[in-house]
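Order of writing sets the chain letters: A, B, C and D. Residues in each chain are counted from 1.
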Amino acid sequence: MKDDRIREECGVFGLFSNSEKSVSEDIYYGLIALQHRGQESAGISVTDREGNMGNSITHKGMGLVSEVFDAELLGRLKGNIGLGHVRYSTTGESVISNAQPIAMNYIKGSLALAHNGNIINAAELKKAQMLRGLAHFGTTDSEVIAYEIIFDRVNTGSIEEAVKKTAGKIRGGYALLVMSPRKLVAIRDPLGIKPLVLGKRGDDFILASESAAITSIGGKLIRDVRPGEIICISSDGIKSDLSLCGENHAHCIFEYIYFARCDSVMDGVEVHEARVRAGRALARSAPVDADLVAGVPDSGIAAAEGYSMESGIRFGHIFHKNSYIGRSFIKPTDRERKIAVHMKLNVLRDAVNNKRIVLIDDSIVRGNTMRQIIEALKNAGAREVHVRISSPPFLHPCFYGTDVPGSGELIASDHSGKEVCEAIGADSLCHLHLEDFKTVVPGHRFCCACFDGNYPVK
Amino acid sequence: MKDDRIREECGVFGLFSNSEKSVSEDIYYGLIALQHRGQESAGISVTDREGNMGNSITHKGMGLVSEVFDAELLGRLKGNIGLGHVRYSTTGESVISNAQPIAMNYIKGSLALAHNGNIINAAELKKAQMLRGLAHFGTTDSEVIAYEIIFDRVNTGSIEEAVKKTAGKIRGGYALLVMSPRKLVAIRDPLGIKPLVLGKRGDDFILASESAAITSIGGKLIRDVRPGEIICISSDGIKSDLSLCGENHAHCIFEYIYFARCDSVMDGVEVHEARVRAGRALARSAPVDADLVAGVPDSGIAAAEGYSMESGIRFGHIFHKNSYIGRSFIKPTDRERKIAVHMKLNVLRDAVNNKRIVLIDDSIVRGNTMRQIIEALKNAGAREVHVRISSPPFLHPCFYGTDVPGSGELIASDHSGKEVCEAIGADSLCHLHLEDFKTVVPGHRFCCACFDGNYPVK
Amino acid sequence: MKDDRIREECGVFGLFSNSEKSVSEDIYYGLIALQHRGQESAGISVTDREGNMGNSITHKGMGLVSEVFDAELLGRLKGNIGLGHVRYSTTGESVISNAQPIAMNYIKGSLALAHNGNIINAAELKKAQMLRGLAHFGTTDSEVIAYEIIFDRVNTGSIEEAVKKTAGKIRGGYALLVMSPRKLVAIRDPLGIKPLVLGKRGDDFILASESAAITSIGGKLIRDVRPGEIICISSDGIKSDLSLCGENHAHCIFEYIYFARCDSVMDGVEVHEARVRAGRALARSAPVDADLVAGVPDSGIAAAEGYSMESGIRFGHIFHKNSYIGRSFIKPTDRERKIAVHMKLNVLRDAVNNKRIVLIDDSIVRGNTMRQIIEALKNAGAREVHVRISSPPFLHPCFYGTDVPGSGELIASDHSGKEVCEAIGADSLCHLHLEDFKTVVPGHRFCCACFDGNYPVK
Amino acid sequence: MKDDRIREECGVFGLFSNSEKSVSEDIYYGLIALQHRGQESAGISVTDREGNMGNSITHKGMGLVSEVFDAELLGRLKGNIGLGHVRYSTTGESVISNAQPIAMNYIKGSLALAHNGNIINAAELKKAQMLRGLAHFGTTDSEVIAYEIIFDRVNTGSIEEAVKKTAGKIRGGYALLVMSPRKLVAIRDPLGIKPLVLGKRGDDFILASESAAITSIGGKLIRDVRPGEIICISSDGIKSDLSLCGENHAHCIFEYIYFARCDSVMDGVEVHEARVRAGRALARSAPVDADLVAGVPDSGIAAAEGYSMESGIRFGHIFHKNSYIGRSFIKPTDRERKIAVHMKLNVLRDAVNNKRIVLIDDSIVRGNTMRQIIEALKNAGAREVHVRISSPPFLHPCFYGTDVPGSGELIASDHSGKEVCEAIGADSLCHLHLEDFKTVVPGHRFCCACFDGNYPVK
C-alpha cells in the first residue's frame, strides 16, 4: 500500500522557552504530531538560553520518534531552546549520518539545524565549499546549508545575518530552523513552497512545519511565517526580517491534498476544510448516480465527506483499517502478495453489498492499490465502483523535496484516463481539474508543477 | 485515553494445512488481524501433521505481534499445524510466564493451548491438581485447563475425548484451541460467551476468534463454532461433536459494542452493521436537534453513521486521530496531562465551529476522556454537544474475561445520568436502552451482565 | 580451541541471609565467580525469609551472568533467601526453557531449584510422572527432580523430608539447592560425585559448587557438604541430616584436573596445589632433559609449576593469551581456520627460540589444538617440544554430567600414545598414570570412569 | 582495580590487499588483537583499490570490537583497502561522535583516518580552521588532523603530499593511518613517541600499532615504521618518504612497561623479553631474601619471571584472576567495595601460606589496589610481602596521549617511598631506577617524561 503513496520528506519543530522548564519533552510531542511527515529518522537538539552550555546536546536515531527517544534520553536533553526533526529521505541515503538536526561546533559555538525541503543548487555550493577545504559527513543538502551559514557567520555580526546571507545563495523550497548558542532562527523560502508556522504557548515561542504540532502541545497558532521571512527569537524577544519577501508565491499544492494533517491550518484554511471543498468541487465537475460515497482511508475521507455534502449521496465507511501494520510488519511474500491489501484494508461486506459506490481518493500514483481495492469491493458484492480523485493526474516529477516517482512509474503519464479506468477495474474515473482545485483555497498561488510542469524555481 | 477503555483479553488463531507450506507466516498475519484483542504478549506454536517432530516449536514474547516476531523467527517455526495467541491480561500478571500458547510435553507428546476467556472455578481445579503433585509455572487459568486436559488424556483414547472430559469440569466463558502432535482441536463454551469461528482457505482449515482474521489472510468464513461444539481437525478431515451443546446461549454483548473488529461477522451479522443499527436505535430513542453527528474515533464512528441515517442529521468527522501514539509513547507528565487528549485526538476547528453536535461513543467508563473531549470541542467553538452512548450504562463487573473495572470506578454506578452529564460538561446525555440493543441482532440471547447483573454462569 | 576442551555443566550458589539486605547482588557475584562452570544461561530466584512474598521472583536468560543481569533487574529481585545457577547444557537443548533455577508454584507455595549433575534414571522417573498426568516445559532432568520433590512434598511434612524422599529415588551425580517459601535446602549425591560446599559470612549461610565463590564475596569456607548430606537452613538455624551418607565415595577426578577454579578448596586441598602435585608426579614418572617448562594457558600452568619444582627445569611463560575472545567473537571462516590459534594464543618468540621445551596441559581430547600449538612453537624456533599431560588418556564417556565426547572423537581411544605423539608433532608425549594421580589428594576415592571405565553408579 | 591502571588511548590497524578478498574480516581480527589499547569504541572503514566505490563504507560504535561488529556487518563492509581503530578517550568525551575512523567526503572523494596519539597544538589549529568557516562534529584532535589534511590536499597533488604538509604543522606524538579512495598512507611522529609497525601477509601490506596484531592474523612483521617516515601503499606498490625523519628519538617507555602486548616486537625487542630484563635489573638493584617471586596479573608476571631468574628465588602463581569481569560487570556498591579485589584476584592460600613473597608489579598509580592485594596476602598467611616495581615512580603527567592522572592523584608525587610502603602495608618497597630501565632496550632513546619530567616536545 505504502509504496503507492507519495511521501513527504521532513517535519521541523522548534521551541524557545522563557521559563526554566526543559523543552525536550514538548519537542518530543511536537515531533510525534509531525510524524506523518517522515518516519525514517528523528532527532532533537537543545541548548540553554544564556549560552552557558558551550555545546548543544543532540540525540538522533533511525526510526519513529517513539522508538528513538525514551524518558531517560529526554531527561538528559536539558535546555530551554531546542529544535527537532523527523525525516523521510528524498535526497541522500537513509543512514544515520544523514539524520537531523545537524549539530556542529564552529567558531561561535554550537549550531544545530533542521531543514525541510530541497536545495536545487546544492551540488554547486557543495563543490565550492569543498574547494575551500571542507568535508561532509553525510550526503544531504542540509549539510550544505549548515556549512554555508557557518561560513557566512565568520564574516557577519550575527547568526540571523548569516542565515540571511545564505538565503541569498540557496535556491529551492525550504523551511529552516537554526539554533545558535542563544537564539532560534527560522526562515521560509521566498516562494513559500514549504510550510512553516509560528505559535505561542504562554511566554514560549513555537515554530513548526504545521499548526497541528502547535495545538497538539496546547499552544496557539499565531500565523504562517511569510515566504522569505526571517524570524529570530532570543531573550530579547522576537524579531522579523521581511526584506527577502517578494510578491511571487507558490505554495506546494500537495500539502493541501495529502501531506498535511487535516487539523492543520495553512494560510488561514484548515486542511480538512480544503479537502472537503475539493470533494465538493469534484461532485460538481464529476457527478454520478450512486448509493454511497466512501473514501479510501485515511486521505480520501475528507473529500468523500465533501462529495457527499454537494451530491446529497450518503457518506459512509466501507473499510476496516488495521492500525497495527507498522514499520516492523513483515511484508507478505510474493506468493501471498494479494493478502497485503486485505491485511491493511478489509471491506465491510454488509456496507457495500449490492451498492453503487463513489470511491474517493486523493491521488493515483501507480494504480496497483486502487486496482486491488476495487477488486475487493466487487468481490464483496459492490454493483458499481466510480472512482473520483480529488486532485489532477500526476504527470511531472518534483524537484523541491517531494518523493513523486519518475514519470515512467506514474500511470497517468503514459495512459489515457480511459486506459487507467480499465486498468484499475473501475466503472468510471474522474480527476479534479486543476482550475477547480485552485478555488479550494481562494486567492492563493500554488506550485502545481507535478500536475502542470510549471516549475517556479529553475 | 486508553485507560478509559474496557479491554478485551485475548485472541486465538489456529491453522491446519493440508499442503506442505509452513503455517507460521499465515498465523502471524492472523494474529496481526486480531491484535486489537490483546497487545501485551503474542506467541505461535507449530507442529507437523505426521507427528514427526516429536515436540512442537513455540516462540512467544511480550509486546505486539510485529515486535515479538521477525522473518528469521517465523522461518524457524516450520510445521503444517499451528496456533497462535495475543493476550491482554485480565487474570494473572503481565509476565512472560503467562504468555500463550502454553506448550508442554506430556505422555502423548507435545501439547499447545491457546485460550480466550475466564474459568470461574479455576482456583478449585488448580488446588485439586496441586494436591496430585502438580506445579504451575505461571498464574493463568489457561495453565489449569492445560493440566486438566493432560490429566484426562492419560485415561482417555484421544485428545478430543480429553478436551470433552475437561469441558465437563470447567465453568466460564472460553474459546479454546488445543494442538496435539497430529490434531487441532477447538471448543467454545456451551453458552457461547466467547466468540470462535471456523473458516477455510483452499484445503486448509482455520479457527479464529473473529472472522476478520480469516478474511484478512484470504480465507472464507464457514460458520460460527456452535456453543459447546468440539471440532477436531486431523489428516482424516474435520469432525464435529455437538453433544455438549445446549439451548441456553449468552453471547457477550460487548463483542458487538466494542471488542470485535467492525469487519468481523458474528452469528451472521457484520459487526459494523450491528453498530450502525445501534446508532439508528439510539436516534429513535434519544433524538436531538443538531447540525452534525460525529463519532469518537474509532469505536463511535459506526454508531454515528447509523444515528445520522435515522435522524437525517449530517454525519462528519471532527477529530484528527494521531496513529503514531503506540505502546512506547512516553505519557505526558502530570503537569502536562491535559495535552494527552490533544496529542491523540485533535479537533477540526472549522468542522465544529458554531455547530450543534451529536457526539456518539460506544460507552463511558470513568468519564475523564469524554470530559476532555467535550471541553476541546467547546474551545473550538462548538455551540452544543449532545452525547449519545450506543450501549447502556456499565453497572456491574465481568467475571468471564473482560476487564470492566470494579464498580467503584464506573462513573454510572454511583452517579445519576444527570450528574454524569454535568460531570462531562455535555448539553445532554442519553444511553441506548438494553431492550433496544437486543433488537440490533434479532433472535440472539446475550450475556448483558455488565449492564443488568444477570450472570449466566454462577 | 574451546571445542577441544571438556566442558562442565553447571554451577549453583545459594544464600540465606539473616539480615534485611537483599541477597540478589551477592548471588550475582557468586555466580560470576562460578561462571567457568557454565556460560550458556544464568538465573537467580529470591524469596523472603518470612514467607510473605507468596511467590518467589525469578529472572533467567541465555548468556553470561553479566549479560543476563543489570543493576535494575537485580534491584527488582528483592528477598533474603535466594539461589542462582549457571549452565552449560549436557542433556537437554540449549534453550531458555531449560535455563535454571526452575521456579514453580505448588501446593505449599513457591519452589525454586538449582541443580548441577546428571540423573541416570531420569527417563523412567519422567515417564512415571507423565503417567500421573504431569507435563514438562523443558527437557532437563532437573525438571524431573523438581516434580519428584513436589510430589513427595504433598505427602510429607516438610520440604527437607520431601528432598530426602526424592533422593532415595534418583541415581547419579548431583549437587542440588532447593528453595521453599521459608527454607534453603541442599543435598549432595551419596557418592559425592559433584562438589558442594558450605560457607558463612557474618550471620549468612552460603552454599556453592566451589569455595572460590564463597571467598570471592568475602565469606569463609566452613566445610564440604558430605556426600549424601542434606542441609536445611531456615530462620531456626542450620540442620544437617546425615542419614543418607555412606562410606563409598567417588569424587569426580576432573574437578581437580580441570573444572574447578585453582583457588577453590575441595576436601581440604586447594585445587592449585593438587595440580602442582600432579605436575610434580609427572616430572617423576616422565622426566626429560629440557631448557624450559611451560603450561598451556590457563589449565596447564599449575602443573607446569609443579613439574618445574620437581625437575629443577626453569618455569616460564611462552604464550600471550588474548582475553578479549569471548562468546560473541566471530570465528574465522574455514579458509582462515589456522589463524584461530594465533588469535587466542600467540607465541612469545624470544622466549622459545632455540629452546627445548616441556609443554604441560591437563588433557588431550581430540588433539587438534595441541597440534597447532606445537606447530606454532616450532615455527617460532623451538628446538624440541615434549608434551606432558597431567592426567591419564581419556577413554570412556561420562554419564554424570560432564561433556566428554563419545569415544569415537577421543584421539586416545583408537590411537596408541606413539601415534598421538606423531599426530600432534611432539618430540615426546607422556600422560600421568592414574595411580600417580590418586596420590595427589591422598586418602580420597575418585570417580575415574572416564579413564578406567569403572562407573560407580550403574 | 581498573581505576588504578594507566590507560592507553588507541590502536590502529590498516590493510592493503592485492587480492580480491574483502579486508574487513582481517581488520576485525587485527583490532581484537589490539583491544587492550582501547575498549571504549571501535570502527572500520573500507574502500576499493580501484576507486570504484565513490565513498568508503564505515561502521563504528561504542564498546568492544566483538560488541560493535557482527558477521552481517562485516559482510557489508566490502573492500580491499581498509583501516580500523580501537579507542580509549584521553581527550574528547566518550561519545560516538568521537569514535574513529573519522570518515568524510571531500573534494577528492572519501577520506578515512585512524589516529593514536595527542596533538599538543590542536587547539590553535582548530581555531584557524574555524576562522576559515569549518565546523567540527566531535571534540577530538583527530578531527583537527583530518581537516588539516583535507585542506592541504586541495592545494597539493597527492594524498601523501597532503599528509606530509600536515605533518609539518602538527606537534605531538602520533601514529596515523589515512585512507584515500585508492591509497593507504601511514605516518609516525618524528620522535617515534607512538609505535607503528609494517607487516606483510602474502601480497598484502599491513600497518598496525603493534606487531602482535600482524602475527595474530598470520602475517609477518617487516619492521617498525621509522620516526617521521611516511609510507604510501597503492596498486603501484609501497613507497617510503624519509624526508621528515630526524636523529632525535623518544619512544614512549610505557609501551615497554605496560601498554604493549608481551608478544609484540618493538624496535627489535619482544616486549616480554624487555619486561623479563626489567625484572632481572630489579633483582640486581633491589634484592631481598624470600621464598617465592610472584607477579600481579597480568602486567607484573613477566618481570617476576626475570626477578626469579636473576635472584634464583622460585617463581610461582599466587592469584586466580576471574576473566569474566568485563565491561558490563556491575561494580559492587560502596558498602561492598572491599569484595571487588576478591572478585577479580583471589589469593591461592596454599601457595602463599607461611611464605615470604616478592610481589612484582609494573607500576603504582594511586596505591589502593596494591594495599588491598597485600592485605589479602597477609590474611592468607603470607609472612612477608616485598613489593618490587619494574618502573620508576610516576611523578609527572603525560601530554602525548597517555592517561596518567594529574600529579595530585599520584601517590609517589607527594609521599616518600617509605610513606608509600607503609600506606600499602608492604614489608619493603623498591622501584626500578630509570637508568637501569634504559639498559633494558639498549641503544634506545625513550620519552620518560612521566618519570623525569623531560618533555621531548614542548
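Following the convention adopted for this analysis, contacts are C-beta pairs under 8 Å (C-beta built on N, C-alpha and C of every residue); 3 or more make two chains touch, one makes a residue touch a chain.
In this text the structure is predicted, and so the values were computed from the model without any measurement.
Visitor: From the options A-D, B-C or A-B, choose the one that repeats interface C-D, i.e. more than half of its residue-numbered contact pairs are shared.
Guide: A-B
Visitor: Would you kindly say which chain has the C-alpha centre located farthest from the C-alpha centre of chain C?
Guide: Measuring from the centre of chain C, the most distant chain centre belongs to A.
Visitor: CA centre of chain B versus CA centre of chain D: separation in Å?
Guide: Measuring from centre to centre gives 61 Å for this pair.
Visitor: Can you give the whole-Å distance between the Cα centres of chain A and chain D?
Guide: 50
Visitor: Using Cα averages as centroids, what's the distance between chain B and chain C in whole Å?
Guide: About 50 Å, centre to centre.
Visitor: Mark out which residues of chain D touch at least two other chains, giving numbers and ranges.
Guide: none
Visitor: If you connect every pair of chains that touch, what shape comes out? Choose line, ring, star, complete or other.
Guide: ring
Visitor: List the residues on chain C that touch chain B in their complex, please.
Guide: The touching residues are 55, 103-107, 111, 127, 130-137, 139, 146-147, 150-151, 154.
Visitor: Residues of chain A touching chain B in their complex?
Guide: 25-26, 28-29, 32-33, 35-36, 64-67, 69-71, 74, 212, 215-218, 261-263, 265, 269-270, 272-273, 301-302, 305, 309, 314-317, 319-320, 322-326, 328-330, 332-333, 336, 338-339, 342-343, 346-351
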